[in-house]
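This is the structure I have questions about; it appears just below.
Think of it as A, B, C and D in the order they're written, each chain with its own count starting at 1.
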Amino acid sequence: MTLAASSGRARAAMAGSIRIGALLPLTGAGGPFGPSMAALHKQIVDQVNAAGGIEGQRVEYSFEDDQTNPDAAVLGVRKLIDVNKVCAVMGLWSSGVAAPTLPICAENKVVMVAIAASDSLALQKHDGYFFRSNVDVGQQGEAIGNWALKQGGKSLFGLLAQNPFSEPMRLGLVNTIQPKGMKAETIVYDGRRTDFRAEVGQALQAKPDILFLGGYPQDSIIIMKEVFRAGYGGKIVGTGTCVTQQFLDGVGKQVSEGIYTVRPSSAVGSPAYKNLQKLTGKTDLDTNVCQSYDQINLVLLAIAQAKQATGTAVRDNMRKIGDPNGEKVDNVLDGLKLIAAGKSINYEGAASPCKFTPTGNLVSAIFETLRVADGKLTPG
Amino acid sequence: MLQVFQLLVNGVMAGAILAVPAIGFNIVFAVLQISNFSIAALIAVGAYAGYTANVLLGLPPLLAILAAFLISGAAGVASDRLALRPLRGYGAIAVAIASLALNMVLENIVRFIFGNDVRSLDVPMMRDWIFEGIHVGPQAVFNFLVAIAAMVALFSLLSFTTVGRAMRAVADNPTLANIKGIDPEKMARLAVFLGMGMAGIAGVLLALDTAVDPTIGMRVVLSVFAAAVLGGLGSIPGAVVGGLLIGLAEQLSTLVVPVAYSSAIGFAAIILALLLFPRGILGDR
Amino acid sequence: MISYLVALLTFGAIYALLALGLNLMWGIAGMVNLGILGYYALGGYSSALLTMHLGIPVWLGVIAGALITALFGAATCIGLVKLRDDYLAIVTLGFAEVMRNIAENFVSLTNGTDGLAQIPRPRLGVTGSDFNVVYLVICVMVVLVVLAAMERLRAAPFGRVLRALRADPMVAASAGKNVLGFQVRTLAVGGFVLGLGGALYAHYLTYISPEVFQPQLMIYVFLALILGGRGNNYGAVLGTVLVLAIVEGTRFLADLVHGLDAVQIGALRAFVIGVAFIVVLQKRPHGLLPEPRRIYTDPAARS
Amino acid sequence: MAGMGALAGKRVVGSDSWTSSESILTVRDLHCSFGGVKAVNGASFSVQRGAITGIIGPNGAGKTTLFNIIAGSVKPARGAIFLEGRNVAGLRADQLAALGLTRTFQLARSLGDLTVLENFALYARDQPGESLWRALVGSQSVVAQEKAVLDQAWELARRLNLVRVANDRVETLSGGQKKLVELGRALLGEPSLLLLDEPIAGVNPTLGAEIGKHLLAIRDSGVSILVIEHNMSFIGRICDHVIVMGAGSVLAEGSFEEIRANEAVQSAYLGMSA
């Protein structure tokens, strides 16, 4: 009786479509990352719709090109909220796009699930509408620092592209290794250039045991080629953002051999990650794709859990679908079935376990170390 | 001291490659009196033409460079004809602004076809040669030589051939050249072809040295403008001098300021230089 | 739809200020300036920092930001006036690049690429979408005031001198006009208007970062001015509206296209915008509104 | 006191006396070169007050450069220029204009975008409406001054027979009309010394004669004139004194008749119709 009544109410509330959106960089500095994220979002929405939608309602997905630029982002998010009537906005790769759009989302009671790393985002007043699928950058720095300490060298040199990730990453790294007696030097460079000889020259002059790459694939490819040509003999480690398939293809097998990456993962080999590998047909997945997968799954499951497609409902149910006592779920279809059956679920994602602090940051992250062998990332 | 020498070597190598599109920019300016900012996109067109020839068709780098020269040159002429020529009567700045819009069009044609992914050309990676502690990369030397060869070929064309002399005559005095029976429109087309062809060559050289993506032209174009202006707009020897000076300034500045500032250094340098030489170092116009 | 339009119009009003400032500098006085975003950013950063760190009211910060930019405009003029058009174009372009570089790297002041977030909004006594509407009204009023002021300057003997400078500075000097003096004043006033735009932008978005230096915006502003009619202040505003219509119109066009991947849609949109600009320039090279000309009546004929 | 000053002036009359009340402009030993070519090479002369002084000489004699130096557009390498007894070498063109020295250009540098009236009005001195602040705020004085300036401009248009085209943009006018515009706007600044660079070059003879008459009338109203011109009959008709330049310095000076009889001048002009 009660069940039927409640689902009847939910039906009424769910009349019409479920509308969700994404703000993604298709052009501008983030251009290389946005397209695969959009493609994945669409793929999952199509799956859900093919399986009958949520509570019998179709999911409508819209995305806007933020051009990696704040003005376009503000107009884009206004269009998504106002014209497309979305209840959640995903994507938000760059901080320059997330920072001015977060107040708009919060004001309109629309959930934002962002990748952007800037610390200040979570500290903004957002009434709980902000969630970040990306691992805290400081933690990434610490993880790389801990890996470096294990390698046992005397000094590390970091090359970081000037972006919102660079400073927290640098602090996490330096504060981890310096107290343990390992020397850490870093330089921050302008990633929009094509010539990094001076940067590489400065790095190699310090004769570091470990070289750390903390840029985007575009600039890191050029830097890595330069490092190879200069005949650097030490160990090289890059962030997950840097050492991607694109990076490996760009530098070629000869140059990439033996490079390490320490990156956040709910573990390669986690069910979600494997599922995503199957979905995309790729063995190696960069963090943006993994996060996009988590973003859309979280939003869709939260809607299903709430039986309501509003921003406030998504906000209030985001943590309920990560019930530690619930049944573990790695994909949206299984999750929807369980929810429809009235069961409690625990979604664990492809990039992280997807448990959030009150400010919207991830509680903790697991890191994995991979090593490039013959052009492929292998557990190292 | 060793470090300074290394930076000097790097600066000359980088400067020679900057000089190639700077010459392209200046040759167009000399004949048409127009700043064609779409040169950034034509660098990208050249880089992708080179990529197509080298990776997709399997041609060696030198043929890829030739292909880039022809395709960027042709794309330059076609886009100039369609987009810019109808505007020439309305002032140089109007055309320059239109060329910024044209740049957007061309860059996005490239993006539409090839996507945003970063790609590399198919050339073997070689370790640097080390002379007395100075690193010199074989690829960089190859690129340097190609840049020099391209410049020498262009100089020869302008100095020793009838058509080259005719083009210089138009650059010096269009009315007089017209009286002598030289068709200025034809010379304009040739200048755009050669200039944008040079941009295409630079695109492949950058691609060989680094990697290709649709923004490759935008990444270097400010340094190219700086080189062109510093040497003197419309001056071809000026572009060479300007390219070398900008290349050196960007490298040597890293001795005193953080590397992240090096692109600003190039421009700060030219602003200072232009206070002394308001028409550029070798400019006479 | 309403709040999207409100946002669009607010950006339109802010960009109109850019076009009006540029019209004074380039349209009327003939000094080409591809570094307008440098002034815009300076106004935005100044006002943001003053209101965040000194806690001064937003309206005062906006005025202070505009004044700082005006001073800066006057200062930059001294080095730039010697240069001829084409040199000026490229040097000012690079000049904005230097400022972007500083905004990215002078982290202790500008917070680097993170940008300044949570810039205070003015207290208007309303919140939510009402705030946006009120803010739009304020921006539109600022545009109207600036438009009126620019029209006064253009029509006054001051404007006559500027047009003479545009035509031939040597003649203006022989007419007894202090060329540098007029150019400094022009860049100061133009800088004020650009800085005002930047400050209004920063307090609207509550965020400013080095990404304000987007080359497209500079291109859009120039195209707006050429499209509306160089030298015509009404044209500057009209051109801004048209450019925004073209740019944002393609956003909806993209929804209609099927069978392309996301990059291709993004590229197609930028392509269409570029082509639209070129076509409109070719069809209307003198812009929609001609430069206004004053017809005087002969006092003898009148009496 | 004024009488005393005039007397004092009379006492020092002499050929190189730059304090003379009879000469409004004195140039001494001017030098200027461009890229190794000495365009002006030790030129010295005086311009009499209230008279028309002609400068003649073959092309390349340095006449226009001399004008550019006197008017403040080009800086001399060395030499002195005295305007009304005051050394003005190194002043900017606009500062000289404020002192009453106005020039025209050889190739009509009309402000083509501006109308005839605007061209005239531009040259009026001390306009409060040119102050940024007053232009913005507006005031009675600005309105009144602008009306006065325009009345003057119309008056001038009438005198120069330009009323019909007064509201036309100058670039739409004929070459002769442009010359008249140049002359007219120079007058609106109420100059005490007028430098005219080839005022009738490319002008039909009828209009040339008319311009000559205007110049005589201007002289009679008390304005001193220094004029470069190649047309010898024009020079003969209007000039009170003629200076001959060659290779950057003064070859001879005197009345037109004296100059015509001078053999050095003949040889300098060999091949040119005198």
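In the analysis below, a contact is a pair of C-beta atoms (placed from the backbone, for glycine too) under 8 Å apart; a residue touches a chain by one contact, two chains touch by 3 or more.
No experiment lies behind these values; they were computed from the predicted model shown.
> What are the chains that chain C and chain D both touch?
Common neighbours, chain C/chain D: none found.
> If you average the C-alpha positions per chain, which one ends up nearest the average over all of them?
The most central chain, going by mean C-alpha position, is C.
> What chain is the most remote from chain A, judged by the mean position of CA atoms in each chain?
D
> Any idea how many Å lie between the Cα centroids of chain A and chain D?
A distance of 75 Å separates the two centres.
> Which whole number of Å gives the spacing of the CA centres of chain A and chain B?
Centres of chain A and chain B (C-alpha means) sit 38 Å apart.
> Based only on mean CA positions, could you tell me how far chain B sits from chain D in angstrom?
The separation of the two C-alpha centroids amounts to 48 Å.
> Provide the C-alpha centroid distance between chain B and chain C, rounded to the nearest whole angstrom.
From the centre of chain B to the centre of chain C is 30 Å.
> Two-or-more-chain contact residues of chain C, please, as numbers and ranges.
Each of 101, 104-105, 216, 261, 263, 266-267, 270 in chain C touches at least two other chains.
> Multi-chain contacts in chain D: which residues touch at least two other chains?
Expected reply: no residues.
> Could you tell me which residues belong to chain A and also touch two or more other chains?
26-27, 31, 35, 162, 188, 190
> Hey, which chains are touching each other here?
Contact pairs between chains: A-B, A-C, B-C, C-D.
> Show me the residue ranges of chain C that touch chain D in the complex, using the header's touch definition.
Spelled out, the residues of chain C in touch with chain D are 149, 152-153, 156-161, 163-164, 166-168, 170-179, 185, 189, 291, 293-296, 298-300.
> Spell out the part of chain A that touches chain B in their complex, as residue ranges.
26-27, 31-32, 35, 162, 187-190, 192-195, 197-199, 201-202, 205, 217-218, 221-222, 225, 228-231, 246-247, 249-252, 254-255
> In the complex formed with chain B, which residues of chain C make contact?
Its residues touching chain B are 26, 32, 79, 82-87, 89-91, 93-95, 97-98, 101-102, 104-105, 215-216, 219, 222-223, 226, 261, 263-264, 266-268, 270-271, 273-275, 277-278, 281-282, 285-286.
> What part of chain B is in contact with chain C in the complex they form?
Against chain C, the touching part of chain B is residues 29, 35, 83, 86-87, 89-90, 92-94, 96-98, 100-105, 107-109, 111-112, 115-116, 218, 222, 225-226, 228-229, 233, 258, 260-261, 263-264, 266-268, 270-271, 274-275, 278-280.
> Residue numbers of chain B touching chain A in their complex, please.
Residues of chain B touching chain A: 3, 6-7, 10, 14, 108, 111, 115-120, 124-128, 130, 135, 137, 139, 206, 209-211, 213-216, 218-220, 250-251, 254, 258-260, 262-263.
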